[in-house]
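Two complexes follow with subunit A in common, the first pairing it with subunit B and the second with subunit C.
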Partner chain A sequence: MDRRDRFVAWADRASPGVFLMPAVLVVLALSIFPLIISLYLSLTRFKFEKGGFSLTFIGWLNYKKLLFGSQQFHLLGTLKTISPSGWIIVGLVAVLLAVWLAAYLRRGASAIGAIGRLLVIAAVLTVTLMFASASAPGGQIGTFGVTLIYVFVGVLAQYLIGLGLALLCVQNLPGRGFFRLVFFLPMMITPVGVAYTFRMMTDTTKGPFAPLWQWVGLGDFAWAATAWGARIAVMIGDAWQWIPFMFVVLLAALEGQSREQIEAAHVDGASGWQIFRFITWPAIIPVTLTLILIRVIEGFKIVDLPNVLTNGGPGIASESLTLHAFTAWRTLDLGGSAAIAYILLFVVTFFCTAFVNLTRSAGGAR
Partner chain B sequence: MKSWMKLSLAAAVLTCGTVAAAVPAAAQMKYDGVTVNIVTFTGPQIAEPLQRRAPDFQKLTGATVNVITVPFSDLYQKLLTDFATGTNSYDATVFAPQWMVDYIEPGYLEDITARVKGDAAIKWDDIGAFFRDFSASYNGKVYTIPLDGDFQMVYYRSDLLEQAGMAPPKTWDDYIAIAKAFQGKDLDGDGTGDYGSCIAKKRSAQSYWMILSVASAFIQSQGTSQGVFFDTETMAPLVNNDAFKAALTAYVETTKYAPPDEINLDVGDTRGLFTSGRCALTLDWGDIGTLAIDPATSKVADKVGAATLPGSSKVLDRASGKLVDCTAEICPYAVDGINHAPFAAFGGWSGAINANKDQKVRDAAYDFLSYMSQPEQANVDVTIGKTGFNPYRTSQFESMDLWLKAGMSEAAAKNYLGAIKDSLNSPNMVLDLRVPQNQRYEQVVLDTAVARLLAGEIDVDQAAAEIESGWNEVTEELGKDAQLAAYRAALGVQ
Partner chain C sequence: MTARATPQKPRRRGLNEPGPAQKAMSYLLLGFWAFIVLFPMYWLGVTSLKLPVDVNDGPDYLPGLDFDPSLHAWQYLFGREMINDTMRPYYNTVVVALASSVLALVVGSMAAYALVRIQYRPKLGTILLFIAGVGIAIVAIVTFGMPWKVGVAIGMALFVLAALPLRSGFKRSLKNDDIAFWIVSQRIMPPVTVVVPIYVLFQQFNMLDTRAALIFTYVAVNIPIVVWLMRDFFASIPLELEEAAIVDGCSRYRIFWSIVLPLSKPGLAATFILVLIMAWNEYLLALFLSSANAQTLPLLIAAQNATRGPQWWYMSVLIIVMILPVVMLAILLARYITRGLLIGAVKG
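So, the complex of A and B:
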């Protein structure tokens, strides 16, 4: 092989890397670099000064303040001594997790799988303890707990309603084309628009439904003035906007099912529930998992609805993690804001990794 | 050529010449081609008069004035970010003068002392001394032009109180008693129950001044230099004591006799409720007086009274942290044993110029702000409710014609201006906080704790402790000695 051939062979080997390098650099510049900078920002105190700004390295102080210091009430909540009923709930959760781990070990566990599950158990127990402590008398749920409620309660409700609507629309009902369009519409509206609409609708004194509220005796009740009223209002607004997304994807999945299987089940005398349980449900599980993953990631970032609808209030009762970070950023606490964003990033990454691995191994087990 | 023809020709040439000479002169104005970007908060108040008068100013000078608005809660950091990063997209601002210290020290705002001295049209001496000193000046130099005068006062429905045989509130207990008496009664004749009190209590808005208005009389009794925020010797916050807790308790109590969503109401909402006749009492700046006479929106014209902030017969003993009865020694400015401490909340919207812009743009910005403040404009704007501008010039207090022309009855005008003058002239007037990063003390720590208290998340003791620890944290971070020196300087403590 002469020198020219060697060069050509080298060029062949190197060319994929050379051609990919610009794209890799762009990705690094646009995503990895800001990630590193914001990590550094979360370890500093930001201050405007003459001619620019200064960043003073303060180590873990921003995280310490949020997790154990003066801002703990805001992030984790006002934590009090857990009541006996709280301990019972924590105990029940611990038992369920132990049963789940034992079942996994009996199936034949891998070391990595067992470590992963132990981490998940530790995380679930920590969150349960946090909720039990924040729900004790004098306690208060912080932005982390509120975000988890928005994500898990909200996404579950959205999925169930979206699935119900999709199941209705695959039936041969009159006007289903019209309803498909109607159910789809909310997703096209900007979240801020949705938030303002719900702000008007939940206004019991001046809103369009004020006479109705007064007629049912709720004229002196304000959704946004009670903690759970405000959180529920946010979840209703979020559900109204995102149910269409669930609906459209699940409708496509349902319509893509094999008609032969369902017709055969009918012929064999299967009930509607049996057809759903043994044919439809297994067919839509992959779509369901993807849908839930996408919505959970999106749900963790909820900001526009609580910001416009309740302003995070009353107090901080309906404030999400992202709104918490935005509030800190707005008051020039850039280090604190970046620390909250990093905690959020950690939680989302942990959840997604656990979710993907657990559902994959559950799929394998099936 | 006949003589008349010669004469006509000469006249025509002369006319053409004159027109030719006059056209370029008319088109050439002082600020042709100059654009001034001025930022203020999303009103409509404050932004409205700037937007309305900008075209008039353009006709006079040729300068184009763009009024940019941002939410109130974003204004402080938008300005700081813009100035500090050197973006300098804003040429001027109409903002809260208590923030000026954060912009002046790094050199972002232009010292306009010389400009003001050389500007006869602004009639500087006509501006109230308090506004010239507190809202416009820092370390003896002038940095802003006042456009507004701000004192919080209590407004009441004079017709309702008269019918009920009740006197305007002199103490916060009186305020609560009146609110309780009218809560649920039909005050506007529409057959539905209305509210005893409407106070803007929304978080991340302008509500933190309201609690300070309630607290001021409980904390300050010995004159302006005593201050209500910190001990002037130790910089210890004056919040975790019986006086501030009494104020918090009274503030929470008012929420019982109010609209159900009061904790989510901003000043625009409470003003709408009060002027539409749905509230017996409210706590606000001077705006209510002029909004009440706006025939387009008000149902309470000539049914509104204004009073200086209610006081307290017990005040803070700073040594023990307890409430003690007023005596001639403890409360030298008390009236009938009741200590009043009118709160100059905010200080009044004022205009300032970005020091890092071109000379021509700064000149145009100054001329526009001066134009807005000149009596020809300002004395009309302060009588219009939607402007958000309240009286701040001596001529505005003295000229009754202005107010009668605006639609106020003589009795109402005397009552309204009298309440402002009482506040302005009080030797026990409370100055708003003007130390570096005062926004963090008030708009972040105080605002969050009070919002949590109103929401029932924490009790009065926890709220007081939370404010104290939050303020101490900010003070330690910024340097206690420097903050104390700034606080003492703002109060004029030697």
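So, the complex of A and C:
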């Protein structure tokens, strides 16, 4: 065996490592190590000193400050005593959750399933209490609440509009190829560009819709100057960019359906709504669940739009968690920034775990 | 899955042909949405032709009728003075996006292929030891102020020393699915969680504000997507082909390169485009890791919000030149992109 053969034999034996290790090393170096260091950073106080900086280990203080202390207003919001109507909503949510849990227990529960659902219930109740308390008179929603609104309201709206467009486009209409292509485009545009474009769109004095605003009587209304205006502007921009994603995937899923079933139902005299409800909808549930999961994961990372469109303002009204962490970093509060980032990571991971486990039965083969 | 079912067309027509009222309604809604999608883009085009005074005196819609179109913004950004400041970010974006996408595709599909075809059994105990080694290194560096090279060396040395004798004792091991899940789940992680340590890491290597730093980071961010999408593609390739090649004495590299990759071209194309678009448009990581030399286009656009107020005309020009290549790519390759999204979403 000469040298070359031996090298070839060695290379072949080493192939499992050669194939997998580069990816593992890159992920280790740029995801896992930073993740561990971030965790450590979030437990320290960062300070510039002569000729460098110092890190002092301070335990949970950064988290404590954000969740209960002086920075609570920024993360969770300015929390006030919940008004009676707020309590009614909290009560309603609690009842719904109890009904949901009871239904699960009656179906025959496993211990882990029950514990998981109790955790989900606790999380939903806490978030409801936070919203109820932050929207009481004098209260304000913090970056955590704002991010949740962006993610859940935003993704739901994007899904519904995307589904509507897909249902329209699946019909046999001449020229639908053109619509498909056009509807697809916004996804390609950089979010920063989308943000500036929508700053022009929402300008009520010099923007293209100024005459419309004046006609409605909102000529001097500035989107970015009111809390909900700013949040809605961000959500519109985000929806404009991401509805195409929903649309494209849902359209493909609708086109992939078997025609026989629908035809049979049609012959039997089922209405359009019945066909959708009992044939189309069950067929697209798996795609729906995956789509929502992907978009929620990506949605939690939102930063470009609020940063450029509203600069997080007015005040902190449209600031997302990532933007919050970025502003903390800019003021050299590295520990606080890492703590916010870790809270975000925890929330996303919690949601993903809960979502995947709760929808396992509905998703079929997932 | 791609439902271009041409043979079925006559049958589908009878069922899917909407009535006249429904047809009119559908066109109305579709037209409305096309307007919503296209109008902002049109407005960018119009704004790029406006003088500051045209923007400031309220909305003008039609160049030539409402206002006199002017190429001043284009001339300014691509004129002799500014051309370097415009083209350097453009060049950076092209280099970073292309290089990181190609690298992510190569590294990611190799891993995806290996996870489909080769059995891995990493011992759980070894992994825990490794994590302990990393922990020791971090504590040594951060708490005791050790130089990072020494700290890393100590941590890794301890890991190797402990792992060699203990290795055979470990019973529990992970499977391929666990590894794949571990890689893919990195996508869940918000970039902001890791960006500060990455910043410090590149600072230590004197790589801040370089294209290489951005390329590495984007590769790491995009590998999970590549592994996720390509795994299903590779799994659908018939095993017999590869077995025949093994019998003929081909190495794994040869099989991967001349059998597997050519067979998965559509999947590779779809994944490449998706990853490219992500890298092309990325903002947050670039914001942290680059300032002047490695500045990418999204940052340049964001920087047009000067102290004198947003420079809408320059911004519009920049956004147009930035989205033009990807929009053209999208129009040319729409089918591939759809397919890429679909593999991910349906098999997820």
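We adopt the following convention: the second predicted complex is superposed on the first by the 328 of 366 C-alpha atoms of A that agree within 3 Å, B and C clash if a C-alpha of one lies under 4 Å from a C-alpha of the other, contacts with A are read in each partner's own complex, and residues count from 1 in each chain.
Here, a residue touches a chain if its C-beta (ideal position, glycine included) is under 8 Å from a C-beta of that chain, and two chains touch if they have at least 3 such contacts.
If you're wondering where the values come from, they're calculated on a predicted model, not measured in any experiment.
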{"item": "Partner chain(s) touched by A:Ile37 [first = subunit B, second = subunit C, both, neither]", "value": "second"}
{"item": "When both partners are placed on the shared chain, which of subunit B and subunit C touches more of subunit A", "value": "C"}
{"item": "Which of subunit B and subunit C A:Thr205 touches, first, second, both or neither", "value": "both"}
{"item": "Subunit B versus subunit C as contact partner of A:Phe48, first or second or both or neither", "value": "first"}
{"item": "Which of subunit B and subunit C A:Leu168 touches, first, second, both or neither", "value": "second"}
{"item": "Partner chain in contact with A:Gly217 - subunit B first, subunit C second, else both or neither", "value": "neither"}
{"item": "Touched partner set for A:Pro84, first subunit B, second subunit C, both or neither", "value": "neither"}
{"item": "Touching partner for A:Gly269 - first (subunit B), second (subunit C), both, neither", "value": "neither"}
{"item": "Residues of subunit A that lie at the interface with subunit B and also at the interface with subunit C", "value": "205"}
{"item": "Of subunit A, residues touching subunit B in the complex", "value": "45, 48-53, 70, 73-74, 78, 140, 203-205, 214, 219-222, 224-225, 227, 310-317, 327, 330-332"}
{"item": "Subunit C residues within the subunit A interface of the complex", "value": "1-3, 5, 8, 11-13, 15-18, 22-23, 26-27, 29-30, 33-34, 36-41, 43-44, 47, 55-59, 61, 107-108, 110-111, 113-115, 118, 120, 134-135, 138, 142-143, 179, 183, 186-198, 200-201, 216-217, 219-221, 223-224, 227, 251-253, 256, 277, 280-281, 283-284, 287, 297-298, 301-302, 304-305, 310, 312, 315, 319, 322-323, 326-327, 329-331, 334, 337-338, 341-342, 344-346, 348"}
{"item": "Complex contact set, residues of subunit A against subunit C", "value": "8, 11-12, 15-16, 18-20, 22-24, 26-27, 29-31, 33-38, 40-41, 44, 55, 57, 164-165, 168-173, 176, 179-193, 196-201, 205-211, 240, 245, 248-249, 252-253, 255-256, 259, 262-263, 266, 286-287, 290-291, 293-294, 297, 300-301, 303-304, 307-308, 321-322, 325-326, 329, 334, 337-338, 340-342, 344-345, 348-349, 352, 366"}
{"item": "Interface residues, subunit B side, partner subunit A - complex", "value": "73-74, 77, 80-81, 84-86, 102, 105-107, 192, 202-205, 259-264, 439-440, 443-444, 448, 451-458, 466, 469-470, 473, 477"}
